[in-house]
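Chain IDs A, B and C follow the sequence of writing; residue 1 opens each chain.
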Amino acid sequence: MKLVGFLCNWCSYEASMGAGGRRLPIPSDIVFVRVMCSGMVNPQAVLAAFADGADGVLILGCHPGSCHYVDGNLQAQRRVGLIRALLKDYGVNPERLGLDWASASEGERFAQLVQEFHARMVALGPQTQPLVLGEPPVEGVL
Amino acid sequence: MNGKPKLALYWACSCGGCDVALLDTGAKILELAGRYEIVLWPILVDAKEHSVEGMADASIDLCLFNGAIKNENDERMARLLRAKSKVLVSLGACSQLGGVLGLANLTRTAEMLETVYLKAPGLDNPEGTLPMKRTKVPEGELGLPGLLEKVRGLPAVVPVDYVVPGCPPEPARLVEVIDALLAGNLPPKGAVLGASEKALCSTCTRQRRGLKVERFTRRYRLDAPDENLCFLEQGLLCLGPVTRSGCGEACLKSNMPCRGCYGPTSGVLDAGGAMVGVLASLMAQDSPEAVAEAVAGLDDPAGMNYLFSVASSLLREAR
Amino acid sequence: MSSTRRITINPVTRLEGHARIEIFLDAEGEVENAYFQVPELRGFEHFCVGRPVEEMPYITARLCGVCPAAHHLAAAKAVDAVFGVEPPSAAKKLRELMYMAHFVHSHIAHFYVLAAPDFVCGPDCDPAQRNILGLLARVSEEMGSAAVARRAEAQEAQALLGGRATHMAWCLPGGVSKGLSEADRARLEAWAVREVDFAQKSLELFQTAVLANPEYRQMILSDPYRLEAYDMGTVDAGGKVNFYEGQIRVTAPSGGEAYRYDAKDYLDHLAERVESWTYLKFPYLKKVGWKGYVGGADSGLYRATPLSRLNAADGMATPGAQAAYEAFYGALGGKPVHATLATHWARLIELLYAAERWLELARDPEITSNDIRVMPRAKPGEGIGSVEAPRGTLTHHYTTDEKGLLTSVNLLVGTTNNYAAMAVSIRMAARSLIHRGVEVTEGICNRIEMAFRAYDPCMSCATHSLPGQMPMLVTVRDAQGTPVQVFAR
């Protein structure tokens, strides 16, 4: 699996530190990117991840109501809804984009969320289906 | 031959609108034509692909290339003209981004052939004949250039020196571009000509009042949108925020939202992705359920957010 | 029996996109067959599926940068039908007004840049001269610069109404998005007066430069440029030519009505064939049947050109055009006329009609009305819309789901109607001009081109800068395929 996780500095990233400190099991095939806020995860970055072959992208922010920047996580929620719509039209299963919340002290929850996301992505299988190139049904114009 | 610098104009997979726009510059295109020796302009000059093949590399001083790369001949001509030209200009949305033709990249070419030649109503094709790269006829053999699996813009195939955006580029902007070309007054290579570095919002006269979108709607459902208020704040998709200014806002002045024909501003990697960020900022919904409902009301999200730019989007292939 | 020689004309232009002609010679050096290939496919019928149907006027304009207004309006009418809505009278007049300006632009462009040079300068004229510049040297500079100015004003007129001339965003289901102010109406009226005058002068030019020349008259009436076939056009309730709306009428090669139908019934009358050596399909009249690339009453091959529109109608709806129509048939021996090159003359009669109709509509008291849209109420479903494109009858056919997103698209485009006929015309011209022992000259190439140029294939060259000639490469090969004569122009 090739997975990307965006973690917000104030909550989920801290949670990941907590999980690491307690040696909670985290799948190794996920790359974590620290951002200041889940709401600043650029949709273009998410699309780029999928275009580069990511099988799943998980964004973890502060619980609604607890965002360090007040409502950045609500922005993330709206962005994710829209990105999923684009993914669907482009033939990428929108469930490959995950969004959830974990506060700074929730190391266990963090580990659990990541494990569950990983398991769901394994069940979906690899994202990149090779396009059928050069194998036309007849000796035609493809 | 006569000491003039050489000019080539070529159309790949194109509607001809960029050529008409050039001709709508009136005296200006005449001036350009007069200063150069035109070595290729399939519309009307002693121009054969064959004669360009015989030219030395970089012997064409300027090439204006419009149209997308969709078949083998388009690709061949793109590579040929890049090799033969000192300066290669990508003219128009199809050349820059793939244009509306890029919508084909949300489907597969094999399916397109089925639709056009096997499933269209009124077809008389009982044998299921499809176009072929080679066909034997009683007198000999005929050839057709093969279709590429994906539509691409010119910069995806060869390095391009300048881009002139628009579908088509507005004649007034083309006049400015031609003047710059004639004066040798060009910015460093890689620049966009004939369009602003700023988004359409910078020249749009509509006001923004800070309204949030409760529900997306479609232009046809509104009898007469407020002509002074931002379209987005009226729940209508308008690609102005991610589209370059330069067109003169013809569509906005007809009370129709921008569809993005001038292509994205420089910082944008993916027009649809950038537009998503804008839309998210404007939406009023705070719960996942409300978000999902609002997003469901946005019809054809990929088609409408990438109307001209599917072929240069990050996820440019349909899976 | 396979040919010993082959002549390739590549590229042929004056077609929206690309085209080539392959001519095969038999052992006697006579033309065995000629193939007119269209080597490109863009696939609008496929990739528009999934799009909101009301975006089609905007999207399908990109089918053609020379006649985007034709697609904009055919799409708009199909969208109206999808929503079961009829635009108010003022909106229909505004659309028609814009369209008349469009016809003026398109027909001026085609005649002055493509057609007139062949006649004014001559079909065998030095290619460097056989263009608008050569034309200017032979006619008054006033006429030449008027052609440039009148076409520019016709483009501006469309922009005044629809926002921009090429690829406008204007029509909506049930009407248009913007009306006409009194100030703009007055400008349109002033321009129309000049357009009518210019159209009359263009007809006079055709008289003096073409019809008064016995060689050209003979060429126009000659057999190689004659194709007896069914003719298609749109007529109003009075049987007069109408570009915006009416019924589609097909007349027989011998004259007289064969079919008359509403656009929505086009599938009862038209079918399309597929050949593997071209991307473009071949429409034909179903009820007659496909009999091959031949004309005549037993063949379903038909034409939809300005000449066809005049043949299919009972007259013109404006006085100047009607007088020109009568003079036309008077000079050519009555209806129907099947001389392909006479299409150029017919096109000028249409130019006059379009200009006169432009003037009429600009003076119509309703044209500045604000009642420009009826809101659609019905659920979207299926719709068919048709107009006369400058190059022939244009039909858009859409089906949508309950959200109004397209589930299917079928397009029958102006030039496509004429594809089989163009193939025949080219073959006939090639057969009459290419013989053993006759050198394939540039003039011969041009005369073959004149056979299809009369159809004004969709990409006309709207230019006033013509340093050169028609691009053409003619390669004559021997039995081994080795070029024995390469003629490049």
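Heads up, the rule we're going with is that a residue touches a chain if its C-beta (ideal position, glycine included) is under 8 Å from a C-beta of that chain, and two chains touch if they have at least 3 such contacts.
Fair warning: this is a prediction, and the values are worked out from it, not measured in the lab.
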| item | value |
| --- | --- |
| Two chains sharing the most C-beta contacts | B-C |
| Per Cα centroids, the chain farthest from subunit C | A |
| Rounded Å distance, subunit B centre to subunit C centre (Cα mean) | 25 |
| Whole-Å gap between the CA centroids of subunit A and subunit B | 32 |
| For subunit A paired with subunit C, centre-to-centre distance based on mean C-alpha positions, whole Å | 54 |
| Multi-partner residues of subunit B (at least 2 other chains) | 106, 130-132, 144, 147, 300, 303 |
| Where subunit A touches two or more other chains at once, by residue number | 89, 141 |
| Sites on subunit C at which at least two other chains make contact | 50, 279 |
| Complex contact set, residues of subunit B against subunit A | 106, 108-110, 113, 130-134, 144, 146-147, 149, 268-270, 272-274, 276-277, 279-281, 283, 285-286, 288, 291-292, 294-295, 298, 300-303, 305, 313-319 |
| Interface residues, subunit C side, partner subunit B - complex | 1-3, 6, 10-11, 13-14, 16-18, 22, 24, 32-33, 35, 37, 39-43, 45-52, 54-55, 58-59, 62-66, 68, 113, 127, 131, 148, 152, 155, 159, 162-170, 172-174, 177-178, 266-267, 270-279, 281, 284, 286, 290, 373, 375-376, 397, 403-405, 408, 410, 412, 458-459, 461-473, 488-489 |
| Complex contacts: residues of subunit B adjacent to subunit C | 11, 13-21, 23-24, 26, 29-30, 33-34, 38, 41-51, 70-71, 73, 99-101, 103-104, 106-107, 111-112, 115-117, 120-125, 129-132, 135, 137-140, 142, 144-145, 147, 167-168, 170, 218-220, 223-224, 250-251, 253-256, 259, 261, 299-300, 303-304, 307 |
| Touch list for subunit A against partner subunit B, complex | 42-44, 46-48, 50-51, 64, 71, 74-75, 77-79, 81-87, 89-92, 128-129, 131-134, 136-142 |
